[in-house]
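The same chain A turns up in both complexes below, where it pairs with chain B and then with chain C.
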Partner chain A sequence: MRTQPINEQERERAFSSVKKPEVTERQQLDVRYHVEDHEVTGRPRAFLEAFAAILRHTNYRMALEHFVRVSAKCARCAVQCPVYQATNDVKDIPCYRSELLLSVYRRHFTMSGSLIGRLTGTGHLTDETVQQMAESFWNCTACRRCTIECPVGIDHALITHLGRFILSEIGIAPRALVVSTREQLEGKTGNTSAVPVPALSDTLEFLEEDMEEEKGVPIKFPLDVEGAEYLFTPAVSDFLMEAETLMGIAAVFAATGGSWTISTNYFDAINYGLFYNDRILERVIRKLYSETERLKTRAILIGECGHASRTAKYYVPVHCGGDQAKPVYNIMEYTYRMYKEGKLKLQPGTITEKVTYHDPCNIARQGWIVDQPRELIRAFCSDVVEMQPLGQDNICCGGGGGTVSIDEIRPYRTTVGGKAKADQIRATGAKYLIAPCANCKKQLRELVEDQEIDCEVVGLHDLIYKAIMFEGQPAEMQTAQEKG
Partner chain B sequence: MDAVIEFAQGPLFRVTFGIMILGLIRLVVLDLINAVEAYRRAGDKSLAWTAAITKTVSWLFPLKRAFTQRPVYSVISIVFHIGLILVPIFLLAHIQLWEAGLGISWWSLPHFWADLLTITTIVTGAALFFGRIGQRSAQALSRTQDYLWPILLIIPFVTGYICANTVVGPATYQLSMLVHLLSAELIFVLIPFTKIAHCVLMPLSQFIITLAWKFPARVDDKICTTLKKKGAPV
Partner chain C sequence: MPTFTHGDISIEVDEDGFMEEPDQWNEEIAKALATTEGVDEMTEEHWKLVNYLRDYYLKFGIAPMIRKLCKETGFPLKKVYELFPSGPAKGACKVAGLAKPTGCV
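Let's turn to the complex of A and B:
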């Protein structure tokens, strides 16, 4: 992967800050994202206390002990990092970023490090380093490409994840994420977008009417069905912004006779904890799981959302009973299984324009879901082109790691974070860019707009909705569908 | 001079080699203890063993991965590592010493290959050193030890080559041999305490990071208690 570094004009745009100087002054923190007011005196000490508490109760010490010993500083990760490729600033090399935290660990939490540090009187954590970490860890889009490229096996993504966790414990975390999560866990609406239940039911009712009119068969969003097979939770923003994705999913269930339900008590799979704090991640997972227990569903089904799928799949077992926990699936797995079993019929050639598929990092990097959506797409699209690299080696949309939800850094995301992705999209010349992830969709729409690429960003089920065929569907509607 | 060489060949070798072996065993044992403890605490004990093994093997023999990015650096680094591992272990002259001392022996490298690998190690080691000096991204990451290691590692190869292959006066031979021994012994002592520890730790990396993402169950409460944040808003 090679992308050209940004020019001076782009650099100015990317790193411009909308923050008021007096806020930066008051918080003594020069970062581009908004942070809630927090205690600024004694920050290094508070950081070390939080670090110590986290090390005591988690497994990070094992990883850090290993990393400080094997780190060979080969700089190989530099060629894999889309952010460094765009900024060409050595501070953005993954190994450089990791060293910020590793050096704190070495100096304050290893015997040899603290001995040498005390003897020479150097290396203790300063406010300046805290500031560097606050900036650097949030420049990263947590795409984890560097991790797969490290010959000695250092997981830079894990280090950034931990760095953000510690920072958030001393009050340094993007306000956008914290405020949404507060509403999700402690607010009246109980979801990150503050969608009230009446608004949800109205929206779904409206969509049901639309679908029946368009497809000629009844398609429902079953609410609060106890004992359904799947508890379906998308990123809550889908109810506001991705109606077509939801319609496609409802249509798949209607066509395949699947048993599913949406809970009006809790309908948000977003888990920003993954991006800034493991404690929050745990709370959101437990809230999700208690809902599946309340409605007695067999499994949890997550909508088109990368990080929500990854957190549920990997952290429901962690916090809710290991191998005894209810299984978690991503909607693409369900749709694919139905297609393979012959229960889902897709009209070949429904989409004739050129389409390409974007692998969301949180779904593809670990090789979880890579081929299934491609097979589905080929079933009803006649002109499919691939981006390079793809699958496990894919390039991030540029808004990963929670950065997409931080609106004030949009210029950074579309100039730096998404630079390599924009090059990739342009090279395909695709009309439709399929991205089965709420975060990726938002970022990619902003990216194609800011980078002036003529391409429409859609979800996988948005297109499936166009191609799906129903038994008993009025003939004229099937013909209309065939004609596109 | 002879007495010094004899000391370096005998007691000093035994001590430094012992430090290296014990030091490396210690590192592996510490890693394993940490891993067992982490596994015990992990809320989800299902591990992707196959993926971890595949990734480990693919980095131990990085034929596929290496050439997709930075091919020149990759080739240099791989050739360097091959000589660095094979020559000290499989050089006939070294094996003969083991046989004389402990009565054990094993397959040795043909003379031609031993010479060739010695030269490639020296050349690639120097290339790595200059590469580190010349490359902006590497410079930004490098600590003192990162610059010193390639140089230190090729010293025993240069002196070993002189002793084995060139016609030199006895004084030069003795000096070369002494430098050969002392530099190798310095390397032995430093290995467990520096980045070269990756020679035994690297094969464990993929297992460590797979396990590291398996968090302990229900730590929210514990961390809140320790940090006196119980009941505090999100």
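Let's turn to the complex of A and C:
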């Protein structure tokens, strides 16, 4: 992967400060995201205490012990990092970033490191390093390409994740994420976008009317059905932003006779804990799981959202019963299975414009969902072009790792984080960019707007909605072609 | 807490310029907030959008789904962006006095 480094003008745009000087002064923190006020005196000590507590109660020490021994700082990850490729700043090389935290670990939490440090009187964690970490760890989009490339197997994304976790324990975390999870776990609405239940019902009724009008068959969003096979939870923002994605999913269930339900008690799969705090991550997972138990569904089905799918799939077993936990699927797995079983019929050639598919990092990097959507797309799109690299090696949309929700860093996301992606998209000349992830969709829409690329960002089910065929559907409504 | 001042108007806003107390909203405040969104004059079409958002918000406690907003006002999304260049969630909602949207919006 190669992308041209940004020029001076772009650099200025990407890194300009968003904060008033008095806020920076008060918080003694010059980062580009908003942070809630926190205790600024004694931050290094607080950081070390939080770090120590985390090491005591988790398995991170095992990983860190290994990483500090094998880290060769060879910088092979540099060629894989879209952020470094764009900034050309040595501080953005993944192993440089990781070393910020590894050196703290080495100095304060290993025998030899603390011995040498005490003898020479050097290496104490300073407030300056805490500030450096606060900036650096949020310059990363957590796409994990570096992790695949590292010859000694250092998981840089895990180190960044841990660094953010420790920082959040001392009050340094992007406010956008903090207020969202606060509403989700402690607020009145119980979801990150603060959608009240009456608004949810109104929205779904509105969509049901539209679908019946457009498809000529009744298509429903079943609410609170006890004993349904799937508890369906999308990123809650879909109920505000992604009408067509939800309609496509409902249409797939209607066409295949699937048993599913949305819970009005909890309808948000977003888990920002993945991006900044393991304790939050666990609480959100438990909240999701208790809902599947309450409604006695067989499985959890996550909508078009990468991080939500990844957290549910990998952390439900961790926190909710191991092998005995109910299974978690992504909606594309269901749709794909229905297609392969012949229950879902898609009209070939429904979409004739050029389309391309963007792999969301959180479902593609581990090779979980790569081929399934492509096979679906080829079933009804006649002109499919691929971006390179793709699948497990894909390039991040530029808004991963929670950064997309931080509006104040949009210029950074669309100038630096998403630069390599923008090059890829431009090279395809595609009319439709299919991105089955709420996070990627938001970022890519902002990216194509800011980078002036003429292409429409859609979800996979948005297009499936156009191509889906129903039994008993009025003839004139079959294969309703695109209306643009 | 930052304060937004425009003419005789002085209100509490967050760092992104959204009202801290949406209940205090009135048309004069809307006009003032519009200037921060590059809208110097609120036309009939601007008001149609803002009033629809405001009514929905008072009824349901949140902004409507974008598809619903477009359908009910008759404005395609492109038109919404023409009216409020930062878009429905960040631009129009701000002028309608809604709180800043949270989560993945």
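Methods note: the second predicted complex is superposed on the first by the 478 of 484 C-alpha atoms of A that agree within 3 Å, B and C clash if a C-alpha of one lies under 4 Å from a C-alpha of the other, contacts with A are read in each partner's own complex, and residues count from 1 in each chain.
Convention: a residue touches a chain if its C-beta (ideal position, glycine included) is under 8 Å from a C-beta of that chain, and two chains touch if they have at least 3 such contacts.
All of these numbers come straight from a predicted model, not from anything done at the bench.
By the document's definition of touching, neither partner reaches A:115: not chain B, not chain C. By the document's definition of touching, neither partner reaches A:427: not chain B, not chain C. In the superposition on chain A, A:34 makes contact with chain C only, while chain B stays out of contact range. Look at A:385: by the touch rule set out above, it reaches neither chain B nor chain C. In the superposition on chain A, contact of A:236 is made with chain C only, not with chain B.
Once chain A of one complex is fitted onto chain A of the other, the partner contacts of A:203 are limited to chain C, with no touch recorded for chain B.
Shared-chain residue A:195: touches chain C; no touch with chain B. Counting the residues of chain A that each partner touches, chain B and chain C differ, and the larger count belongs to B. Of the two partner chains placed around the shared chain by superposition, chain B is the only one that A:75 touches, whereas chain C remains out of contact.
Chain contact summary for the complex, chain A toward chain B: residues 1, 49-50, 53-54, 56-63, 65-66, 69-76, 78-80, 84, 90-91, 93, 95-96, 99, 112, 147-149, 151-155, 158, 169, 178, 181-182, 185-186, 278-280, 282-283, 314-315, 317-319, 322-323, 366-367. Note for the complex: chain B touches chain A at residues 27, 30-31, 34-35, 37-38, 41-46, 48, 51, 55-56, 59, 62, 65, 69-70, 73, 77, 135-143, 146, 193, 195, 197-198, 201-202, 204-206, 208-209, 211-220, 222-224, 226-227, 233-234. Chain A makes touch with chain C in their complex at residues 18-20, 23, 34, 176, 179-180, 183, 191-196, 198-199, 202-203, 206-207, 210, 235-237, 239-241, 243-244, 268, 270, 404-405, 407-408, 438-439, 442.
Across the complex, chain C meets chain A through its residues 2, 15-16, 60-68, 71, 89-90, 101-105.
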